[in-house]
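Some structures are shown below for you to check.
Look for subunit A in each of the two complexes below; its partner is subunit B in the first and subunit C in the second.
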Partner chain A sequence: MEELVQHLTPILKEITGYIFPNEVELHWGILIVLYPYLTGLVAGAFILASLVKVFNVKELQPTYRIAMLTALAFLIVAPLPLLGHLGHPEKSYEIFLTPNTTSAMAMFGFVYAWYLMAVLLLEIWFDYRRDIILWASKEKGIKKWIHKIVSLFSKDISEKAIRFDKKSVKIVTIIGIPSAFLLHGYVGFIFGSIKANPWWSSVLMPIVFLFSAIVSGIALVLIIYMVVTPLRSKPIQMDCLDKLASYLFYVMIIDFSLEALDFIHRIYESEESIKILSELVSGKLFVSLVVIQLLMGMLIPLASIAATKIFKAPSELKKMVYFIAAILVEIGIFTTRWNIVIGGQLFSKSLRGLTVYKMTFFGLEGFLAAIGILILPFIILFILMRLLPPWEEARNP
Partner chain B sequence: MKNFLAGIPEQVKRLSVLLVILVIVFIVVRSTLIPNDFGKIGHYRASAVQNIANNELHYAGQEVCVDCHDDIVAVKTKGYHKNLSCEVCHGPSIKHTEAPDEFKPQIQRNRSFCPTCHEYLPSRPTGFPQIVSASHNPRKICVSCHNPHNPVPPVTPKGCEACHAEIVATKSLSFHSEIPCTKCHVANEKHKLSPRDNLPTKPTTREFCGQCHAEDANSPKDIPRINMATHEPRYVCWQCHYPHLPEAQ
Partner chain C sequence: MEKKINEAEKKLERRNFLKKLAVISVAPIAFGFLGSGEKLMGLKKWALNNGYVPKDHKWGMGIDINKCIGCGRCADACKNENNVPREPFFFRTWVERYRIYDDGEVLVDSPNGSIDGFEVLSTKKKMERSFFVPKICNHCDNPPCVQVCPVGATFKSEDGVVLVDSDYCIGCRYCIQACPYGARFLHPVTRTAEKCTFCYQRITKDKLPVCVEVCPTQARVFGELNKKASPLVRFLRMNKIGILKPSLNTEPKVFYANLDMEVK
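Now for the complex of A and B:
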């Protein structure tokens, strides 16, 4: 017993006001912060990719395949934080076998599987099919076989078949947009539907999650594009970058307005929780919410992108501004998830006291595990880019 | 038919094969891994109910207690503890129903048990009897004053502690906790109405304390003794010792 409660001692010293005994320790830690962050990146990257196919934004063509592969790499990793948090990953298949339709959390497996198999993999497959067949025909050894298997031993690259591919990509994308909304809206729903928690319970939650997801996805693709292109000794296409930054800017304005709406709504409603929430925002969450999320992650990137537009900055300066803005946005959206997940557990249900979150360094739910899970998608993306090169020049071998 | 098949694009055929394989794998896995009785009565194995029912029993349930202890149950069902089951305090006692003489249920005699419910906590409802056990008669066990089968709510103090609560609390911690106030102080009834005009007495002689603390006193052995002739003969005891919390060990 002593050992079980020993780690609570430093937390107990930082508790303020009155809290119930089972609220001292947070149950959802850094891994649950990562989960909505990663799924958000997936949904955001996919929605960016669909702009090219559905809305025919020609300038973004160079990022289309990068965005698709990014979405796939991050989607593969997205359930890992959940598995790590729940423990017993060997039992995870059971939610597929005996679906519990009354539990939103248990339905995640199906939302995930639908999105992975019916949307992402299908779209990538149709988009890459012709190229994979061509690559396989010119390669040798293991790579040839990987490509053959991935193409499902398909051989037809006639004009008609390729037309069919293009049509399918468009159809899948059109199905994919609501699916991406579903995937991330669902994550927001998980929090928004917890009516006992005034910090989470809000119908706006899925929408706010969704738009912050799009923001983070666009920023991520922008970062990857700006890092990978020079590494391949290719010029960065300025019109593509400008378009990305513009979309980032517009979506951030929507995201900002939604969050402001949520904020004003809470203050005007001023329910009984408002006092403890304002104490939370002005105290334990001040740095992560006001300084990092709002100022660094939202206002500074918005202002700097706006400044490049107003003052018609030279392209070298623009690149730097976009890059820094995108990184700040990523940090900002991460703290958004942090503030929702951690913030929602810092105050007592008695609305009279606050606890504190102590992250461990080692262990399955510690800082190191979180860093590992954050790095993993980039490794997967690297392998995917090797297997399925997303570059324009790789298309015509 | 042949024309229809030929009209299907190659991609769709291949994907359909993959889909069919996935569906078959899913069905096979589902049918082999899901226990047969899953979902018969709910989102769980029906046999789990039997598994749980087969677990060893520990609690008898208070209906069984009535059979022998009807007198106590009759008292308890009228008191404030009527909603508590007997085994909440007496512990799991199914063995007692099987072998009443060999297995005796526990009787709570330590001071840590009752405060599980009655220790002061701000979240407990107002009016619920609560104590701070560190200062609430710390040298006594709960059942020496309270009858757990028929606890009565606290009453307004009518004796000395009504006005001298602090002294009573101090004394309750001391070796003198069992000595009533009136042993050392004589206070007439008028003291309650007009306390300053009718002051109670204090011991005025050394011999009063000597009744217990003199070397030849007729009192329990563990009480500290002094030599009345040599131990500071010019002073009354309470000039040096505070009788409500004597320091001697």
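Now for the complex of A and C:
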């Protein structure tokens, strides 16, 4: 309590205009920024992986398993920021036991469980089953047992069983695509359905969330592929990379158009909230929205990828451009989440004033915890890659 | 023949396995929809034991802006009655001062929710009009906070009062985000959502909410909405009435007389 009061008291001096007294405490902080960012990466990586299975994009084959494992690693971490921010994390199971059916948030547990159990784990299991059984048969000691357990002690690798596996992967992927849309579209709905908040309340919100999620997922898989492949001293396949960059480019165009539409629509309708929102965008959000999200995270990557296409840049240059563009995109999408979550709380619902967000360094909802949560999926991904090598040559002939 | 049986067995095995998989993935979802109705029962039992029958009432409040003098006694008394932390970041009710100048500038403030009173102003600008507005949870008939609560910890009681069950509240703060009026806060000690209850502990015992009781000018009127003889119904009959943010369709049960267009 004293800590909170010490944290809030200096904020009183930085408020401009009038905000309701209960609004001095900003309720959703950095952890709630992380949550849509992480689930977005999950949905994006999964949708990229589905392109291989459903639409038969052969060039992307080398990234299929990487994308699946990436989605899993990030999905495992996704609930952590939510738990960390709850006033009573020990009561979080109530969401499962007595969910309020009118609450978008109550659906979290079910959407999450469905996506983890019925989509991701199932698809990975069917896709890897044959390889795991073969690995287990050649290995010794603890690794053999881990693989045996992971394969759920199945042993059948007859042609028929393999055919069944392949069919299952396809079916799960087809179910998985709408599920991935659901997983992230629903996160957008959590914000978009709040009529009290004019910055959030928009029917476009779930769709904008979805496309920005696909953008961030493709960029992440591109980065991981470009970092991991040289580390294994293998050549990066240029056709795969080109394809990834092309998809990134196209989806970014859609994402950009949607955000532009939202922006134009707001200005054109010019509702009651327009004054305070313009003040917000031209003031406290200018750097994170206009400079980082729009210029660095969207326009520069778009222009640079377009330039490599137009001028037919040599491979080495293309690699560098793609890599830098993907990193800028990741930063850009992170600030997109920031601008939505934090930006939506910087103005008062009295529409008369602005407040500030002060992140703490230590503590459950502080900067360090956020960094930890961001690093954790990469550690999990490293372990997953050790247990279930996603490389082509690891597949048994 | 043997081969066929074997194959059939395998098929059956596979089918059983898939069945089990389906059951395991659906079970937690099905389980969830069983128990949410029970929460209201606890409150109802408590109220009935006290001889109070919630469904016989429908509570609301009237606030006459012309009568409010901004003394802040309501906000102060509320904090005492309901153990609201004294720090200036947590309020169940507060009073705002509006100053509208002839050049169109509007200044609003509510230092410490009005508890310490308001500073006297010295400005050369000409004042067009000025007034005080007490704010409180609107106990919406269509409450967005109740709609979004993931565990059903906040609910509309049968008497129309919007309450929070702190035993169920997980502190996710979604209700705080959903309230258009800034009427909710997270209690820093219990870490659960808090709001005005119309002093539920008092109104169930035939007493007035404490903010109504201490108001020296009777700017606040509390009462039944469905009973003709109630002072609130008289208030609604005698005044031109406004509500806050009508476009959001929250259907507030706090009604303002002499509401100004600048109040949001």
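Operating definition for what follows: the second predicted complex is superposed on the first by the 388 of 397 C-alpha atoms of A that agree within 3 Å, B and C clash if a C-alpha of one lies under 4 Å from a C-alpha of the other, contacts with A are read in each partner's own complex, and residues count from 1 in each chain.
Definition applied: contacts are C-beta pairs under 8 Å (C-beta built on N, C-alpha and C of every residue); 3 or more make two chains touch, one makes a residue touch a chain.
These figures come from a predicted structure and were not determined experimentally.
Chemist: Following the overlay on subunit A, give me a clash-or-fit verdict for subunit B and subunit C.
Modeler: clash
Chemist: Looking at the overlay, does A:Asp165 come into contact with subunit B only (first), subunit C only (second), both, or neither?
Modeler: first
Chemist: Go through the superposed model and pick first if A:Leu317 touches only subunit B, second if only subunit C, both, or neither.
Modeler: A:Leu317 contacts neither subunit B nor subunit C.
Chemist: If you tally the residues of subunit A touched by each partner, is the higher count for subunit B or for subunit C?
Modeler: Touching more residues of subunit A than the other partner does is C.
Chemist: Should A:Ser350 be classified as contacting the first partner (subunit B), the second (subunit C), both, or neither?
Modeler: Both: A:Ser350 reaches subunit B and subunit C.
Chemist: Looking at the overlay, does A:Thr98 come into contact with subunit B only (first), subunit C only (second), both, or neither?
Modeler: After superposition on chain A, A:Thr98 lies in contact with both partners, subunit B and subunit C.
Chemist: Taking the superposition on A as described, I'd like to know which of subunit B and subunit C A:Ile375 touches: first, second, both or neither.
Modeler: neither
Chemist: Between subunit B and subunit C, whom does A:Lys155 touch in the aligned arrangement: first, second, both, or neither?
Modeler: After superposing on A, A:Lys155 lies in contact with subunit B but is clear of subunit C.
Chemist: Using the superposition on chain A described above, determine whether A:Tyr18 touches subunit B (first), subunit C (second), both, or neither.
Modeler: It touches subunit B and subunit C both.
Chemist: Tell me which partner A:Ala260 touches in the superposition: subunit B (first), subunit C (second), both or neither.
Modeler: Neither partner.
Chemist: Counting only touches as set out at the top, which of subunit B and subunit C does A:Leu295 meet: first, second, both, neither?
Modeler: neither
Chemist: Considering only the listed stretches 167-175, 203-211 or 239-247 of subunit C, which one runs into subunit B in the superposition?
Modeler: Residues of subunit C that clash with subunit B lie in 203-211.
Chemist: What is the shared patch of subunit A, the residues that subunit B and subunit C both contact?
Modeler: 18, 20, 96-98, 100, 122, 156, 164, 350
Chemist: Show which residues of subunit C lie in contact with subunit A when the two form their complex.
Modeler: 10, 14, 21, 24-25, 28-29, 31-33, 35-36, 38-39, 85, 87-91, 94, 96, 106-110, 112-113, 135, 144, 146-153, 168-174, 176-186, 188-192, 248, 264
Chemist: Quick one: in the complex, what on subunit A touches subunit C?
Modeler: 1, 4-5, 8, 12, 17-25, 27-28, 82, 85-89, 91-92, 94-106, 108-110, 113-114, 117-118, 122, 156, 164, 190, 193-197, 345, 348-352
Chemist: For subunit B, which residues count as touching subunit A in their complex?
Modeler: 9-11, 14-15, 17-18, 26, 29-30, 33-34, 38-39, 43, 122-123
Chemist: Per the contact definition, I'd like the list of subunit A residues that touch subunit B in the complex.
Modeler: 18, 20, 93, 96-98, 100, 122, 125-126, 129, 152-156, 160-161, 164-165, 168, 350
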